[in-house]
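Structures given as structure tokens follow.
Two complexes come next, and they have one chain in common, chain A, joined by chain B in the first and chain C in the second.
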Partner chain A sequence: MFEYQEIELLDDILAGNLDGAVAKLRKEAERSGYPELIHGLVEPVLRRAGEMWGESKISLAQSYVAGKVTELLLDEYLKSGSAPVGDGSRGVIIMGNIEDDFHVLGRRMVIAFLRLHGWQVVDLGNDVPAADFVDAAVRHGACIIGVSAMMLTTALNIKAVRVELDRRNLGDSIKLAVGGAIFRLRPDLVQELGADGTADSAMEAPQLMERLAEGLSKKPAAAPAG
Partner chain B sequence: MTHMERIGATLAGQERDRVPYGLVTSVFGARLADLPLADYFSQPELYVRGQRAAVALLDPDVVFTPFLFAYHAAAFGAPVGAQPQAAPNVGKPPYSTVAAALEVPLPDPYKDAGLGYLLGAARAMAAEYGGQRLLVAPLIAPVDLPILLIGMENWLDALLFDKAAAAALAEKCLEHFRGMAEAYAAAGVNMLSCPVMMANPELLDMDNLRKLALPILHQAFAFSPVPLVFHHGGNRLSGSLSLYTNLPNLAGFLLSPQDSLDAARKEAGPDCLLLGNISGPHFDAYGVDGVQRQVEALLHSMRGDQRWMLCSSGAELPWRTDPAVLEAVKQVIARSAYE
Partner chain C sequence: MSSKVRTLACGIFRQELARLPPELLSGLRLSFLDSMLHMQPEKLDQILHTALLNPEPTLLVYGDCCHNMDEFIRPSVCRRTAGVNCCEIMLGSPRYCELRSKGSFFFMPEWTERWAEVFKTELGFADPDLARRFMADSMSGLVYLDTGVSTIPSGTIKEIEAFMGMPVRIEHTGLQQLELSIRAALKDLGAYDGA
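Moving on to the complex of A and B:
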């Protein structure tokens, strides 16, 4: 049981008390450890905040604070040296925001969760052309490309990643995952863009990636040494 | 009634011969006049030529100057790119911090090329339609311009965690708003339409909304020499209208397609002008029959409401829309005058 309760964390998020929330979470992590804290406290609160956002009960700004709290906490965990990071045991994922998209927070949260679940993530950043995703996937021996977009106009650019994968006959060895606010509003876009799947939240991204990796009919090419 | 008599009666809440209306055809005018978008959005006289084609098709009571906020961002150094079948847009926000955006000199509306185009188009539209139809200029809110300059996340970050910096940038954007509002009024514009995102409770928390966004908007609206319409900015306004009804120079509200006009009327009171709310981006999907049904339904639900005008809400009409769909709006409106 945590001293810092779910309802208190949610209240701090809704009040925009970023520093207070992170300080209390840090203290709680010292008592219970990061894995217990993340799964037992942060994830349920994030899920609730996501539901409230979907029901228009909280603002975009409050939703942003929820993401920021999580991002800062996960960063601390990753820097603590105790997180199961980057062992590559599950494989390599290429992540980035599609060309013309610059909404970084969602992507950074997804990356943090993926690393916590043992994925090796290569982050290409914002405004990434379709061919660069595929080039990087081939170069690093990745089994999944994860592409983020917030708006419909930029999400449509993701189609070019599918085209590029198919053009190089890589569809059986590299899966295409997509994410971002627009896919919650328009789930039909996943199919329209030729993606293999999406997740409703950053927390659910590791399960999505696992599912996609299990569905691969060919193993990705091994990453070159060095 | 002439167009302006109809508008005047609506603003005064008096009986009209029919509901006045306007559709945002800022981009669509180029299609109707078969003009290349690059020329259309750089030469004011070509903008007017496109709007002339739209007026010939629609005979609207309300006409608009270019709906083109990217040129405001460009005046602050943002790269602007052409888009096929759409208005130019800002690609990457040019600055990643408030501090960097604050270092940029305030653009001069009369010296900057893009702003000069917007004002030139406004002057040319006023020369063509002044005194005959209501000329409305869209103007980006000072709380929203930072989104184009530093990106939504950096702007949210500043609003939430660096309030002094956020206030400084909002003040700078307020000065820009003031300069453009005055210049538009001098050009002959009758009314401004101000889309507002970052003072909506769906986007901003109430603390920031009351302490920063609303005071800035209050100052902005007070500066304007002409009345302003509070535009939904892509979000629902129903449920929040009371936050804005005391803004100075407020002419009324342009509601989003998700809003209920009935509910908005109850909330805003009987004396407030309401505009809306057929969805512009859905015109192509609606088709002629669908648009007719939509307009008839709106006319039915707002029958007897003398302070309502029919306007398209949301973004532009899709380029591929059959002009017959636009014309269908005119026909339903004209028919309503005889019923």
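Moving on to the complex of A and C:
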């Protein structure tokens, strides 16, 4: 049982009390440990905040605080050296926002959760051309490319990643995951763009990636040393 | 141009559209929607959907502001100004991409007047410290787009700079790109001969 309760964390998030929430979580982590804290307290609250965002019941500022609290906490956990991070046991994922897209917040949340679940993530940043995603996937021996877009216009650019994967006959060894606000409003786009799957929230991204990795018919080429 | 083209425009362009060349303006039957609908894309989507049930040739002076925007576009029935948002429509694609890739956040004149409503009420950043962290996390600079139709609101810009903790740079856009975008969309609609 946590001294810092779910309702208190949610209240802090809704009040914009970013530093206060992180300080209380840090203290709680000393008592309970990061894994227990993240899965037992933070994830349920994030899920609730995500639902409220979907119902337009919280503002961008409140959503930002929810994401930032999580990002800062996960960052501390990862730096503690006790997290199962980037050891290659799960594989490598290439992440980035597609060409012309600059909405960073969602991508950063997804990356934090993927790292937390043991994925090695190569973050290409914003405004990434389709060929760069595929080049990086080949270079790092990645099994999944995760592409983020917020708006319809930019999401349509993701189709070029599918075209590039198919052109190089990599569709059996590298899966294409997509995410961003537009996919919640237009789920039909996942198929239209030739993507292999999407997740409704950052928290659900690790399960999506596991599912996609399990579905690979060919193993990706091993990442080069160094 | 034979008859006036029904034109549904975001209110963010109200002053700019009023300053278009008379021969172009006289061919448009303008209706404006509140620019704050940008914050409620599903509502904007519904309003445009309803408005477009009547298949009258229509020009949308909008960016990619709601999730079904591409579904509204129909040859000879409905066209839209090219651009992902109002800032790209004003700047033209190359300049917009150049500034956006540098992490710029843009202020159109109408939203500059309403900046407190946008940031504090609509986005929920009533606390300037939180607003500064958000901006520093996601943007690297602020740019005011001077469309040339109103005086640059220096006092308001100072307020924004103080609140966001970032300087605001002035970018002069004029109306040329907006005008080009409208003429191109009208041409696609078959309502403008390009003369």
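Everything that follows uses one rule, which is that the second predicted complex is superposed on the first by the 226 of 226 C-alpha atoms of A that agree within 3 Å, B and C clash if a C-alpha of one lies under 4 Å from a C-alpha of the other, contacts with A are read in each partner's own complex, and residues count from 1 in each chain.
Convention: a residue touches a chain if its C-beta (ideal position, glycine included) is under 8 Å from a C-beta of that chain, and two chains touch if they have at least 3 such contacts.
These numbers were taken from a predicted model, which means no experiment stands behind them.
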* To do: Using the overlay on chain A, decide if chain B and chain C clash or can fit next to each other.
  => clash
* Asked: Between chain B (first) and chain C (second), which does A:Met1 come into contact with in this model arrangement: first, second, both, or neither?
  -> neither
* To do: For A:Ala61, select first, second, both or neither according to whether it touches chain B, chain C, the two together, or no partner.
  => both
* Have a look at where A:Arg186 lands relative to chain B and chain C in the superposition and call it first, second, both or neither. => second
* To do: Report which listed segment of chain B has C-alpha atoms clashing with chain C; options: 7-15, 115-123 or 241-249.
  => 115-123
* Could you pull out which residues of chain A sit against chain B in one structure and against chain C in the other? => 16, 18, 56, 59-62, 64-65, 68, 100, 102-105, 126-127, 153
* Structure fact -> Within the complex, chain B is touched by chain A residues 14-16, 18, 56, 59-62, 64-65, 68, 100, 102-105, 126-127, 150, 153
* Asked: Can you name the residues of chain B that touch chain A in the complex?
  -> 89, 91-93, 151-153, 156-157, 159-161, 201-205, 207-208, 236
* To do: Can you check the complex and tell me which residues of chain A touch chain C?
  => 16, 18, 56, 58-62, 64-65, 68, 100, 102-105, 126-127, 151-154, 182, 185-186
* Residues of chain C that touch chain A when the two form their complex -> 40-42, 64, 67-70, 84, 97, 100-101, 103, 122-127, 130-131, 133-134, 137-138
